[in-house]
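For reference, chains read A, B, C and D in written order, and residue numbers begin at 1 within each chain.
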Amino acid sequence: METETPMDVETTSNNGNNNNNNNNTIVKTNSNVIKEGDHVILDINDGEKFSVIKVKLGSKVKIGKKQILINSIIGESYYSSFQVSNEKNTLERITQKELDDRLNNLVELNQNDADNRNLDQNNTAQKLTQEDITQMKEKGTDSNTIIKTIVENSESFKTKTSFSQIKYLKKKIKKYSTIVKIIKPTLKSLTEAYYKKDSRKICGLRFDSFGQLLTLGNIRANSQVLVVETCMGLVTGSIAERMNGDGTILSAYIGKGPSLSIVNNFGFDTDVLNTIYPFNLNVTSVLNKDEDISKLPPTASSGIYDKQVKEKEKGKQQKDKVKEKEEGDNNSGGGGGGEEDGGPKTIVNQRNDTSNENIVKLLKDGVWSLVIVTKYSPLNILLSCWPYLNSSGSFVIYSHFPQPLMEVHQFLHKNQMAVNQQISEIWMREHQVLPKRTHPMMGMDGASGFILYGTKVTKPSSIQKPISSPTTTTTTTTTTTKTNNLLDIENKVIAATTTIVATIEEEVENSESALKKRRIDEEQKKE
Amino acid sequence: MLNPNKIIKEGDRIVMYNGKDSMTVLTMDSTNVYNSKFGTYRHKNIIGKEYGSKLTSDNGNGFCHVIAMTPELWSITLDHRTQILFNLDISTIIFNLELKNGSRAVESGTGSGSLSSSIARTVAPKGHLFTFEFHEERVKFARKDFKDNGLDKFITVTHRDACGKEGFLRDDINNDIDAVFLDLPSPWDAIENAIAVIHDGSMLCSFSPCIEQVQNTCLKLASSKFQEIKTIEVLIRTFDTRLQEYEELNLSNPYIDDNNIEENSRGKFEIGGIEGFKKDKLLSRPFTEARGHTGYLTFARYLPNA
Amino acid sequence: METETPMDVETTSNNGNNNNNNNNTIVKTNSNVIKEGDHVILDINDGEKFSVIKVKLGSKVKIGKKQILINSIIGESYYSSFQVSNEKNTLERITQKELDDRLNNLVELNQNDADNRNLDQNNTAQKLTQEDITQMKEKGTDSNTIIKTIVENSESFKTKTSFSQIKYLKKKIKKYSTIVKIIKPTLKSLTEAYYKKDSRKICGLRFDSFGQLLTLGNIRANSQVLVVETCMGLVTGSIAERMNGDGTILSAYIGKGPSLSIVNNFGFDTDVLNTIYPFNLNVTSVLNKDEDISKLPPTASSGIYDKQVKEKEKGKQQKDKVKEKEEGDNNSGGGGGGEEDGGPKTIVNQRNDTSNENIVKLLKDGVWSLVIVTKYSPLNILLSCWPYLNSSGSFVIYSHFPQPLMEVHQFLHKNQMAVNQQISEIWMREHQVLPKRTHPMMGMDGASGFILYGTKVTKPSSIQKPISSPTTTTTTTTTTTKTNNLLDIENKVIAATTTIVATIEEEVENSESALKKRRIDEEQKKE
Amino acid sequence: MLNPNKIIKEGDRIVMYNGKDSMTVLTMDSTNVYNSKFGTYRHKNIIGKEYGSKLTSDNGNGFCHVIAMTPELWSITLDHRTQILFNLDISTIIFNLELKNGSRAVESGTGSGSLSSSIARTVAPKGHLFTFEFHEERVKFARKDFKDNGLDKFITVTHRDACGKEGFLRDDINNDIDAVFLDLPSPWDAIENAIAVIHDGSMLCSFSPCIEQVQNTCLKLASSKFQEIKTIEVLIRTFDTRLQEYEELNLSNPYIDDNNIEENSRGKFEIGGIEGFKKDKLLSRPFTEARGHTGYLTFARYLPNA
């Protein structure tokens, strides 16, 4: 494996005294240092805003209303914090200890735990007006002085408990100074950033659901995966990160061209980018109809393609297509094109063959995992991809709503196309762990989304064409077909389901009793 | 609050409803006018209307539903002087304290009076709530609110520290309290005071946000002849339910005929060579913004003889 | 208010130094004592089994395989525990302290916290065979001796931590001795008992959902409530308990006669029983059609009616009806007729008029709350009762499944029949609070069921007849109507919904922002 | 486990699937026979079949799906020697430890090897898992399982107490560990040992059932140059989804025509003078038996220079 770019050093310069499966070199001590050419996430004021940039000596980043020079981050450790210097328009290194000390040195904290018995409820305890504060800011007063002045003019500050005082100060510090933390772009950090920024762009895919998606999808190196997503490439990127250069990712797009701009922000090495094969989902549809694939347009260029290279390759006549693509990009990304997409485009797939002919070949070879995360109704997408999922392969669908997954579940169950199916949701909560103040966080994200997973199976005879009608409850769709036909279908479905209901019941009860059994087992073990 | 008539009359407290986030409480006063972004309404034009009516504003530009007050609506509309207990905690507390018409209950602190109002609804008219609050300003506000809502006959507010020497003792309390509710920073310091007013078989509930408080409270309860000690958490999950535009792609597959999809012409579209159509689908999902914690509820029964 | 029966002493002999709204006498010191004539719940081995009986000197109860005399419980406190004496077939008082001491005195507990490093995983640490133990039991060896012998023959017991040892002993004590706790029947205790025993009989109504139901239904004394339930009377009884003699409960049954056997087990006073007016749900249906109500059969006798009294009143010709009723009872109670229904029947509604004519009058007067908890599809039931719910009244529906509630929600919203609607579910968890071992319980009840509540409103003009078709997604129903008609409806619904979607969106967003706002408010207050 | 072929061959480890509660793991040995209540299957009749096939038993009476092994199926089918980590905890751990092909990870204790197998799948083939277990018998079982599942190339099991003096030090570990996972009664006692093998930016995760353990761990992490300290709980909610018989009553009301209901003749019934009919409806609800707690997951990043 070659190390062509300085990105993702941890991976590509991986060697040393490991056992037997490692043909790379390890220079772990350097892996956490920010270098030129790295993609980094700027976390501004603890999640207030995120930007992804490629580090270059002399380049500037817009933070607030100012253009800030980023030179000082080069050579520092990842996850370090920097304060924006308003005078010099630079970033100045500040350690966690300095941040903490600043808090403690700013004012004297209350040593006794005050109670709030005599706390005045009206929030008129501040003697400074908003105007006074604005004036200070405009004069360029440094943030520490502003905060100190505010605190000195607060009547209620003295009556607060030290815990409340710290909380108050932290808030003020955040308000009157800008701290930038430099984060290494990984699946985890990018998911956090995009979820906080606008979760709709990534279909609301929360980190814990995302983890389940990759686990239940049996994602691993040296596997073949078919992914259909409208998450700007985050899902494709996640699989590429996990595989880290070994395997094949068939990434189906819905639109004029691939919408994989987030893949860029991982800062992947060429080896990793070469595992990604973008293609139009329409290919599976055309293939299923046994129509001629050569009539389809080739995979259009995309965010993960270097526009210039592509244009040179394909000639001038492609220019219009690129423009269209950008529109398509914006559509499916839910308004896309934020500054995080603005970094220089890297070159992907110089070596792999993304011609429709090769895509068809790869699809026909079969994949071991099918992953669907889109804003579209999933059943048709799943069925269109189903022929290319190997028997015994894993499928996993993420959806904002449970209802579409219920329909898929019922369809596959009814037609005996899958086993081990399960619809699930995650309940996740963060905790505040502090001496005498331990409790779950008051705020909570209540919507993990829903996941359906299962294992594809085949009948002894080979795949038969099952009866139509997705489920008995799809409605607007079903109800508009010709009526005689419809009634026929209804009857068939009803007839077919009576026995199936019993089968599910059995399986379901088994599953409940399995849990019971396991619990008993565990309790016995605990004794 | 407890006995609404079907028709709105002078002096009634009503709720002008314009959505879950937009409710206003009005006390009917025929000389008064209600102004809002949903229009102008003279009270005298509201009086005489049926509760639950959809009213058109005086200038005909806006409309508003006028509904009767309940403790739940009150707790949404009241000015939150302190953190209030949530509806689900309230209903769980009332259920497990076994309250009913006729029960005599003690509460501390009164806070915003949200739980007090719910308890009063349940114990009225035969029972009574004695609520204790150490913050003087809150006592005043609560007394006024209870009077305005017509609950003052069923609630007595005492300005006192529940952990102090006097505790819950009053001339009109005589070991006859059926249930005690504590929402205090150090509930364990009030448990002896609670014991002084309850009887064999009475229930106690303590609400605390932090687990350390729960640990102390449980130790104190166990050593004070309480049994059936049980700590639970309840969290509500609410659902965003609506007819939603949902996009279906028309992709070929070997398993179903897709011609039924093509016939549906509502909101047909094309994307990247794929045809699709839009349909309205009744979908439901939990709200993203949810409440992750209110507090732990610890219940126990006082059984000195068991 | 008279005190005719010795039941429910706390309520009926309620007096003393209370403020101003109490015309009863308080004898609180006696209220917790078990007396003859009381209904009590026998909790056998901490929830293993429940029985409800009416206490009578000399009566026996079947516990395990034996008939046990219950005389000794009379005069003792409620919530006391008794041990079954195998020799004398009586109940012997045992205090909590004795139970605890027994645990501690049985064997010496480990003082050091052993770790499980060398714990043998195979559970072959018991030297006694199952046969040995059975022999001891058959010989009539007392439970303490059996447990002591088992422990002495356990290799692994010594290596356990004291905490595990206690857990182990508690299990063994439960296994080899029978402890009966006498519980006062209340809404809380009856709900716990029936939920543990067979939650399906009470539609899976969990205590926390039940609490919400009563709160959101705005249940209070001096109100009028219409309840439709198939929970054997538990819901009707809960409302009766809350109202405690003041108010009117119209309790609609589905079947041949009222199925309210659990109402008996509350041990209500006549005053309370007289607030309950059972009637056939068909009355609302007939009334809605403007058909002659007099053609309907009168309310049949039921579990809450004394059969003998009724039979005397109605003459021999009613006998067949009673039999039919019992069948109906069993059907709607989900298999009913367990031993908890076996107690002597009390007399209900001797004074209130449950003739269909009076029911119609009460319905037409209007109710302030509509409560529905049945196993049937709720929309038709709700709509059938809707005309009798006062404008601005509260409705609340409980369902095992969210889908039926979604349909009701959409129907009422679309036709502007209700405001302030909300579908919710409860996440509830119990905690183990022990020094150094505090954590949520491993087992959890994951299904609270779902609740829809809202407030009925009317349009300025008075109720108009809205377009038909419950929702766009009801299906088997809708799809079988005449097609032309159906397509018309589809179009209308679709046309109607486009605007509605916007309205909901607005309200929904408001509600999210309201939560945000409240959170901010709270945080400011906390400072 | 990691590279199944499409066709079953001698020596493969396969799963005989007959429902979520009924799975059996078999190692293909053409001389062997599998007997179950779902029929008798000679291995030689299984070998050569496609993975995912529905097989009919040799006597034709039963059938069975034969599917490829995954770490998830393995964790369901394995003999639970200790409490195992649940699937959702595992996926959350792997996600937040930022594991991928090439990562070098440390785990203690090994337990049943359920998490180990999942980690191995993720870090293989370029990376490695070093797992430490103080219980000798478990070490033996784990080594055998990893070998049987073809994971031994990617997992090294060390029999050692993670809190002991040696900690995680080995000749083949050299401050190059990217992620450490601790599932120990006193995780705080192993944190110094973890620091000895990780590098700037490495992640640590500790799993503990009790909140007191979490409190100690967080204090230790905060005083040991860890940042981004975060404690979460994740619980899975699974849904019972099926076509369900649902009863609709035909009751008159002033709002909708009910004749469409009467026309539906499937499973018509009559109860107490009310007509009704049965229909199949696709319904879903959470399972009643659920997991209320597994443990708290505390994550932190080692940042000695930040």
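Assume a contact is a pair of C-beta atoms (placed from the backbone, for glycine too) under 8 Å apart; a residue touches a chain by one contact, two chains touch by 3 or more.
Protein identities per chain, from UniProt: A, C = tRNA (adenine(58)-N(1))-methyltransferase non-catalytic subunit TRM6; B, D = tRNA (adenine(58)-N(1))-methyltransferase.
Model, not experiment: these values are computed from the prediction.
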* Structure fact -> Interface copy of C-D among B-C, A-D or A-B, with over half of contact pairs matching by residue number, is A-B
* **Pair with more cross-chain C-beta pairs in contact, given A-D and A-B** => A-D
* Structure fact -> Chain centres from averaged Cα atoms put subunit B and subunit C apart, in whole Å, by 22
* Asked: For subunit A and subunit C, what's the span in angstrom between their mean Cα positions?
  -> 44
* What whole-Å value do you get for the distance between subunit A and subunit B if each is reduced to the mean of its CA atoms? -> 37
* Asked: Which residues does subunit C have that touch at least 2 chains other than itself?
  -> 121, 402, 427, 429-430, 438, 440, 442-443, 472-473, 475-476, 478, 480, 494, 522, 525-526
* To do: Could you list the positions in subunit D whose residues touch two or more of the other chains?
  => 81, 211, 235, 237, 244, 266, 280-282, 284, 287-289, 291
* Asked: In their shared complex, at which residues does subunit C touch subunit B?
  -> 10-11, 14, 16-22, 24, 26, 28-29, 31-32, 77-81, 95-96, 184, 186-188, 207-208, 210-212, 214-216, 218, 220-222, 241-246, 366, 368, 390-394, 402, 406-407, 409-410, 416, 419-420, 422-431, 433, 435, 438, 440, 455-460, 471-473, 494, 497, 500-501, 504-508, 510-516, 518, 521-522, 525-526
* In their complex, what parts of subunit B are in touch with subunit C? -> 2-4, 6, 17, 19-22, 50-56, 65-68, 70, 72-73, 80, 82-83, 87-88, 90-92, 94-96, 98, 100-102, 104, 118, 121-122, 124-128, 153-154, 156, 171-176, 178, 199-201, 211, 214-215, 218-219, 227-245, 266, 280-282, 284, 287-289, 291, 296, 298, 301, 303, 305-306
* Which positions of subunit A touch subunit B when the two form their complex? -> 115-117, 119, 121, 199, 204, 253-257, 280-282, 284-286, 288-289, 296-297, 328, 331-332, 375-377, 380-381, 383-384, 386-387, 400-404, 415, 417, 429-430, 436-447, 449, 463, 465-466, 468-470, 475-478, 480-481
* Can you check the complex and tell me which residues of subunit B touch subunit A? => 81, 134-135, 137, 185, 209-212, 235, 237, 244, 246-258, 260-261, 263-264, 266, 271-274, 276, 279-295
